Structures are given as C-alpha cells and as structure tokens.
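The data blocks that follow each hold one structure.
In the two assemblies presented below, chain A is common to both, partnered first by chain B and then by chain C.
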Partner chain A sequence: MEICKTAAAGTLESSDCLVTVEPGNGISLELSSSVMNQYGRQIKATVLETLERLGVENAAVTVVDKGALDCTLKARVECAVFRSCDASAENIPWGGAVR
Partner chain B sequence: MKNAVGRDIPDYLLVDGKEVYQGKQYMDGKYIQKVGPRTRRYEKPQETKVVASLVDALKLCGARDGMTFSFHHALRNGDFVANMVMKAAIEEMGLKDLTIAATSLGDANDPIADYIEQGKVIGIQTSGIRGRMGEVVSAGKLKTPAIIRSHGGRPRAIEAGEVHIDIAFVAAPTSDCVGNCRGIGGKSNCGSLGYAITDSRFADYVVVVTDCLVDFPNFPASVEAIDVDAVVVVDSIGNPKKIASAAARISQNPRDLMMAENVAKIIASTPYFKDGFVFQTGVGGPSLAANLFLEKYMDERNIRMGLAVGGICKPMVELLKKGKVRAAVDVQDFDLDAVNSINQTPGHFEMSASQYANPANKGAFVNKLDFVVLAALEIDTDFNVNVLTGSDGVLRGAPGGHPDTAAGSKVCIIVTPLIRGRMATVCEKVVTVTTPGDCVDVLVTDYGIAVNPLRPDLVECLDKAGIPHVSIESLKEKAYSLVGRPDDLQWEDQVVAVLEARDGTILDVVRKVKPLEL
Partner chain C sequence: MIKRPKPERFRLRRTMMFMNAQKPGLIKDAYIYGCDSIMLDLEDAVAENQKDAARFSLYHALTTIDYGNTEVIVRINGLDTPHWQEDIRVCVAGGADGIRIAKCESAQDVHTVEAAVEAAEKEFGVEVGRTLLMAALESPKGILNAYEICSASDRMFGVAISGGDFRKCMQTTFQPDGVDMLAARGQMLLAARAAGIQCFDTVFTDLDDDAGFEAEVRQNKAMGFDGKSLINPKQIRLVHQVFTPTEKEVRQAEKIVRAIEEQAKLGIGVFTVDGKMLDIAFVPGAKRTLKLAKACGMYEGDLV
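After this line comes the complex of A and B, so read on.
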C-alpha cells in the first residue's frame, strides 16, 4: 500500500500505543516505549511485519508505545496505514491483509 | 558469590564481615553489639531550644562536610523538610560529600536529585527510592552505591552502628520549645511518628523541625526532649493533602474485589484464623478490600481480631471502633481517619520502626503476625518478590515492611494482577529480589492461586476448603502467553544499589541499566 498522507491511530493511554505514518523513502521507524528494555525488539518486529503484510514499502513510522499488547500494536498500525490512503471507511479486507 | 536466592554478589562488597544472604532466620541466636551516640550534655537549664533558622541549627550541631543526615517519611509525599534541610546545608552553608539516611524517599524529594548530580550528596541509605532520585541513582550518578533496607533492617543497622547518623532531622507536626514532638495537634498532622523514634535515640544530634510550636509539655511525646538539641520553626513542614489522603477508597474494580475475596477465603481456611488473630494488610486496592471480606468471615465465626499491625488506615480504624479488633499498633498513618484516631481511639497505639519490624531485637510485632497481605511489582517461580525496581530495571519502589512482615508472619499472601499493561507480574526471574521466596506462602492473582510448595500444610487447607489452586509455573506461562516472553534486561557492571536483607546480609544488587539499542 502507498502512504499518501500523514495519518495516526491509537492513544497514549496505558496499554495502548499511538502510531503515526507519513510518506517516506523506504521504511523508517522511530520507537519509544514504556517497556522498551524488555519488549522493544519484539515491538519493532511486530510493526515491521505488519507493514510488510500490508505491502507498505515506503513510510516514516512513529510508534509511541505505552505497553500495548501485540494485537493492539498490529491493529493500530493497520488502522493508521488504511487511514493514510483514505481506505479506512469501507471495504476493509478483514481476514485478508487485515488479520 | 552466589547467595541463597541465586543472586551473584560481587566479592568487593563482602568486606568488614558482610555476608551474602543465607536464608531466613540465619542470624537467629547470634549477638548484636549496639553502639551509642556521642551526645552533648545540657546540664545548665535552657529556657528554650528554639533557634532562628535551619542554618543556625546546623551550626549548633557542628554540621560539616561528609556527615550523614537522617530523615523520616511520616509526611510521605507531602514532606518539605528533607528538601529544606539539604538546601540549607548545601546552598547556604556550602557543605558537600553528604550522605542521606532516610526511612524512605519519594517523589517529593525530587530536588535532591540535583545534589546527587552535582556530587554534593554522595550516599543514600533508604527504604524507598522513586521519581528523579531513582532515575539518577539508576544512571550511576551517585558516588557510592545506594543502600536499600527494609523498615526493620534500618533500625537494626542503626543500632549495630552500620549506619552512624550525625544529625537526625525530625519533621514534627507539633513540638514544644524543648523538642517534645507529636504527630498530631498541628496543621500538618501525620499521626504516628514511629519511623523517627530510633533515629532520635541513636543520632549524635537531633534537630526538630516544626510548623506548630505548642505549650510545654507536648505529651505524650513520640520523640522526646531528652534527645533533642534544637528546634526550628518553619512556615510549613509539608503539604497536608499529600501527607494523609482524605480516606483511602475501597476499590470498586471487580477484578480487585475478586482477588480480595479469594484472599479472605484463604485466610479463613487456615487454622490460624481464630479469635485473637494478628493481621496486617497493605493499602493497595485488593489488599485493602480484603479487610471487608475478612469481616464477613469474622462475623460468621463470631471471632475478633486481636491486633492489627502496621500502616493503619480507615477500614482498620472502623473495625477498631466497632470492637472487632482489640488493638492496633501503628508505625505510620495513611489517611486522616487513622491520623485522627491514634492515641484517641482506645487501643490505637504508636510503635517505633524497631518495635515494628527489627529482626535483631527481642521480638518485633511482625513476629506475632498470623497473616500479612501484600502486593508485588513482580514475583517469580521461586516466589521471590520484587517491590523495588521497575521491569525496566530502574529504581522506583520500596521494600518498606514487605520483607519483615513476610518473614515474621505465619502466612504471607501476595495479591497482584497477573499482568499490568504489557508487564508480566508473575515471571521467570524477578529483576531484583527484595523479599526472598522462602518467606512468601501464597500468591493470589486474577487468573488463579498458587501455594509455595514449601507450605504443604497450606496446600492441605486450601484443598479441604475447596479453593482451587495451580502451580506458579502455569501462572507464569499464562502471563507470557498474553504479553509475550520479555527479553532479558542488559546491565553494565557498575553496582548502583545494594539491597540488604533485613538481617544485614546482601540479598541482591541493582546494576546500571544498559538502554536497549534497536
């Protein structure tokens, strides 16, 4: 998928994360997390996997994590990407690219 | 050298007779040589000990570089006194190389972090360390490793001379002109002054700092004039709103209530639940709520609690007033109901920290505990508990009375949710061992109960009462299945804090955290 404009999903509540995607060259990820020392590596892997699954090849991604579980991270990344190309209102590929 | 909880303690710390932790009650029957302070004689009658300022008091006590100052934390997060004293000593008098020996430190003491960074404060001995101070110490900015002790371990160390207090500063809600102090009757009341008592008796000099000077004699006094050198009157010793909350609210969270109910069920299933039982609970959500459920069982069996120990708060005061508890001994008060009850409600008494929890005296109150209900930041599959370091390895907690009550009680129950956010509370290895697993008996979580295999008698009690329980390993696996298996923290070699067991042996060390680089 192509990131057309800046979009965000999520909150800064505990156990959530705020994901922002912007147009970019290649994938860049800026990550901060309240559980960085123990889960930073896994959070990074989850975000990158999700982007790959959505076919995003160019994006500047910022994740401010407040201890979100993997399922939350995935959902927030998916939502931000779909919003960035105005595809979040209908015809979401449930069970396809979005799992 | 590895200790009894499997922690590697660097050999360079094992000097001057320091040993590694060997298991509970290792020091039983051994002897302690108590030290005495060197105090000034005031033979000539004094009209008053009130001096004009903190600096005057510091000068009177011969304050100089390299000294150790002590503080108590009865004013909790509302305390102004520690910051005021350190400011006067460092900024007005230009003192340096100071050590702070506090019963605990909280967010209120954030300004002291600057003095650590400037190298003016070179040592910290405390039970609790949080906020910015926790961060700068964890970052290795304190010149010597901080020494963390439990509430019982501290008076033991003071009496043994392992920490020598040059000047004790006693924040006092009321004092008379010669230094008889009480925790009530003023405008910044804290109730019990239990944590200040040992300091006042073992420090070379004692300075009382109050914002309410009352008529002589201010009796019955918690800290007595016979130990006091000077009295300083300041505008305010603390923020009353942060000293004692209006009333600790009982949790309405169904998860907390479910855990609390299970705690009460477990207590009622043991043979120690009989008339006159001795009880302590923390003030965390589920621990506090356990009081309510316990009352039901007490009514059902028509028994009374003999004694409530510890930090006292409203639910316990109410039980006392209803006659369901015969007495409460109180080292610290958490809310205004408790503050207004101490020495007023019949049976509500003050005790010192040594009387409360010191393992080296001839029988502290914790040794009479039948049950204690406590919280945890982390608990591992050996039942070791961490209440000091966050899961990121940074200092942000306090052993407090946790290790003392766990060791002294017949049944120690830890109640905690299985996960907090993404953190697994039940884990493979806690970051820091603050309470050794051989003192912890039962774990109650929202996903199940586990009993320490060291207590087959309790397993039998639960089975007889039909209370389901599982292995602690299965709870750990459940937690990891929800949040993922955490990576191990990365550490530098530098030790930033030494965690003493209550008996004075070394239980664990905290090293400088190496931040994760992605």
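After this line comes the complex of A and C, so read on.
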C-alpha cells in the first residue's frame, strides 16, 4: 500500500499506542515506549512485520507505545495505514493482509 | 489464531458485560471477571470517528485473545448507519460467537442482518449458521414487534431491552420500582418465551446505588429473565448470586423429578410431597432448575 497522506490511529492511554504514518522514502521507524528496555525490539519487529504484510515500502512511522500488546500494535498500525489511503471504513481484507 | 468452539445457541447467560471494543486496556483481559458473556461494543461506546479503529482492534482481540468459556458477543451499529455491514464482516471473520442487533424494530431487520452474516460466512469460509444473533429492543415499535423479532431466525438466541433509549422514547425516566418499563419488560418476556429464546434486562447505570441494583436484579429474576446486561465487573457477583439456584432449590427439584418418575411407574398421577401437591406439570420447572444448576456447576446428576 502507498502512504498517500499523514494519518494516525490509537491513543496514549495505558495498554494502547499512538501510531502515525507519513509518506517517506523507504521505511523509517521512530519508537518510544514505556517498556522500551524489556520489549523495544519486539515492538519494532511487530511494527515492521505488519507494514511488510500490508505491502508498505515507503513510510515514516512514529510509534508512541504505552504498553500495548502485539495485537493492539498491529491494529493501530493497520488502521493508520488504511486511513492514510482513505480505505479504513469498508472492505478490509480481514484474515488476508490484516491478520 | 484462536479458534473459538462452535457457539451454543442456548447456554448459561446470567451476565453480559459491555465493553468498548476500541479500548485495548479493557478488552485484553475481559475473561478474568467471570461473567458468562462479554459484549464488545462497536456502537454507542465508540466515537463516530473511531469506528474504523475499533474494528481493527476488535479483529485482533477476537483472533488473539483466548476468552475461554466466556461467550463473546459484539454489538454492531444500527442499520440506519453506514457502519453495520463492515461491522458484520469483521465479527464473522474474527469468529465472534454472536452479534447483537442494535435498535431492532422488525423481523425484517433480523433478516437483513442475517443475510449479511450469511454472505460474510461464505466470504470468510466460516460454517454457515455458526454466528448467532440477538436483538436489542430500544423503541416502542421494537417492543410491539417483539414476537416477530424473536421468532425471525433460527440464529436468534435472545432478546434484550435497552433502557436508556426506550425510556427516552416513552418520555419517562428510571423509576426504582420499575414501573417505567413494566409493560415493555412484560411484553418482551412474553414474546421471548413464546418464541423459545432467552430474555435479558437492561443495564443499571448508578454504580453507587447498591440497594437499587439489588432490587432491580431481584425483580428481573422474579419476572423470569435469563440474565442482565452489565456495565461494570463489580455488578457480576450479585447477579450470579440471584440467578443461580440455591442448594435447597436444587435438592427440591431433584426430589420432585424423582418422585414424579417413581409415582408414574406405579400409575399415580397426582400426589403430595412435604405437604405440597405435585403432578406432571411440575416437571419442566424442576428440570429447568436442574439444568441451570448443572450449567452453574452445582449439579452433576443424570436427571437432566
């Protein structure tokens, strides 16, 4: 998927994260997390995997994590990407690229 | 991916706790509270501009989190919104046990949802008929059409009244004795029983009024409801207490079933036990108590 415009999803509440995607060259990821020392590497891997599954090759991604589980990270990244293409409201490929 | 077992149309549903599908902090460990069902909400709890985000959150919760024996129902947006079709797709794809139809007013509403559910089951390779339905009646029209709604589909397991919207339509407010919704509750119970499905009462929203809550739960039980919708885990324990049969009731029910079976073999139809008249008409009620006790883990016998 092509990141057409800046979009965000999520919140800064506990157990959640705020994901922002912007158009970019290649993938860049800026991560801050309340559990950086314990889970920083895993969070990064989950975000990058999710972007790859969605076929996103160019994006500047910012994640502010407040202790989100993997399933929440995925949900927020996906929502932000679909929002950036104005495609988040219907016909989501549940079980396909979103899984 | 978590594969949930095939949902049971009729199971124990004393408590059904609402939670916002958009809030990860709430839904990630909802099974620890011990309610019989959780109701992940895509409707009123989710702001209009977060409907899309709530679906992504819901999908991953449904496919990642093991809710165990807790039933997982999703409340979808009303048929007058642009959201309900995608809501149904995500529920079915994620393997939710059932869907609650908000603001249901006619059998046609149930049929509309059922058609979309079936299409989604085919799209996502889910067994056709797996996804159960329940209806929320929130308007006078919904209450007046309760029977056609309750009997509209084999997927329907229950019906619930939604107090907030209903009271607004009726130009009344919450009354401690329940008189504001007495007719509506009664009509809905009649319809549900006639159609052979379960019936659930609305939420009690004043979390500080313990006495008022208990009074309402006891009235629910006395009127014949199967359970109640809840908004807070602290409400679960009392509802379970009230809706679970007592040891004495279970023993009495067992005695009744055994006595009637034994007397029938001797060719006796009506007789007395402990000074009370008994005949075959008492069997269904006693068996229902035993079934409920079994579902609550209190009875392990073989009479039901």
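The definition used in the following text is that the second predicted complex is superposed on the first by the 99 of 99 C-alpha atoms of A that agree within 3 Å, B and C clash if a C-alpha of one lies under 4 Å from a C-alpha of the other, contacts with A are read in each partner's own complex, and residues count from 1 in each chain.
Operating definition for what follows: a contact is a pair of C-beta atoms (placed from the backbone, for glycine too) under 8 Å apart; a residue touches a chain by one contact, two chains touch by 3 or more.
Note that this is a predicted model, so its numbers are computed, not measured.
Trainee: If chain A is used to align the two complexes, do chain B and chain C fit next to each other or clash?
Mentor: fit
Trainee: One more residue to check, A:S14. First (chain B), second (chain C), both or neither?
Mentor: In the superposition, A:S14 contacts both chain B and chain C.
Trainee: Which partner, chain B or chain C, is in contact with more residues of chain A?
Mentor: Comparing chain B with chain C, the partner touching more chain A residues is C.
Trainee: Is A:K74 touching the first partner chain B, the second partner chain C, both, or neither of them?
Mentor: It touches chain C, and chain B stays clear.
Trainee: Quick check on the superposed pair: does A:L54 touch chain B, chain C, both, or neither? Answer first, second, both or neither.
Mentor: neither
Trainee: Using the superposition on chain A described above, determine whether A:L31 touches chain B (first), chain C (second), both, or neither.
Mentor: In the superposed model, A:L31 contacts chain B only, not chain C.
Trainee: Just checking: does A:K44 make contact with chain B only, chain C only, both, or neither of them? Give me first, second, both or neither.
Mentor: So A:K44 only meets chain B here.
Trainee: When the two structures are overlaid on chain A, which partner does A:V98 contact: first (chain B), second (chain C), both, or neither?
Mentor: second
Trainee: For A:A89, using the defined touch cut-off, is the partner it touches chain B, chain C, both, or neither? Pick first, second, both or neither.
Mentor: Only chain C; A:A89 stays clear of chain B.
Trainee: Which value, in Å, gives the least CA distance between chain B and chain C in the superposed three-chain arrangement?
Mentor: Value for chain B versus chain C, nearest C-alpha atoms: 5 Å.
Trainee: Both chain B and chain C touch chain A; at which residues?
Mentor: The overlap between the chain B and chain C interfaces on chain A comprises residues 14-15, 68-70.
Trainee: Of all residues in chain A, which touch chain C in the complex?
Mentor: For this pair, the touching residues of chain A are 9-10, 13-16, 68-72, 74-76, 78-79, 82-83, 88-92, 94-95, 98-99.
Trainee: Any idea which chain A residues touch chain B in the complex?
Mentor: 14-15, 29, 31, 34-42, 44, 66-70
Trainee: Sort out for me which residues of chain B touch chain A in the complex.
Mentor: Against chain A, the touching part of chain B is residues 391-393, 420-423, 482-484, 486-487, 489-490, 513, 515-516, 518.
Trainee: Which chain C residues qualify as touching chain A in the complex?
Mentor: So the residues of chain C touching chain A come out as 1, 23-25, 28, 51-53, 55-57, 59-61, 63-65, 82-83, 85-86, 89-90, 93-94, 124.
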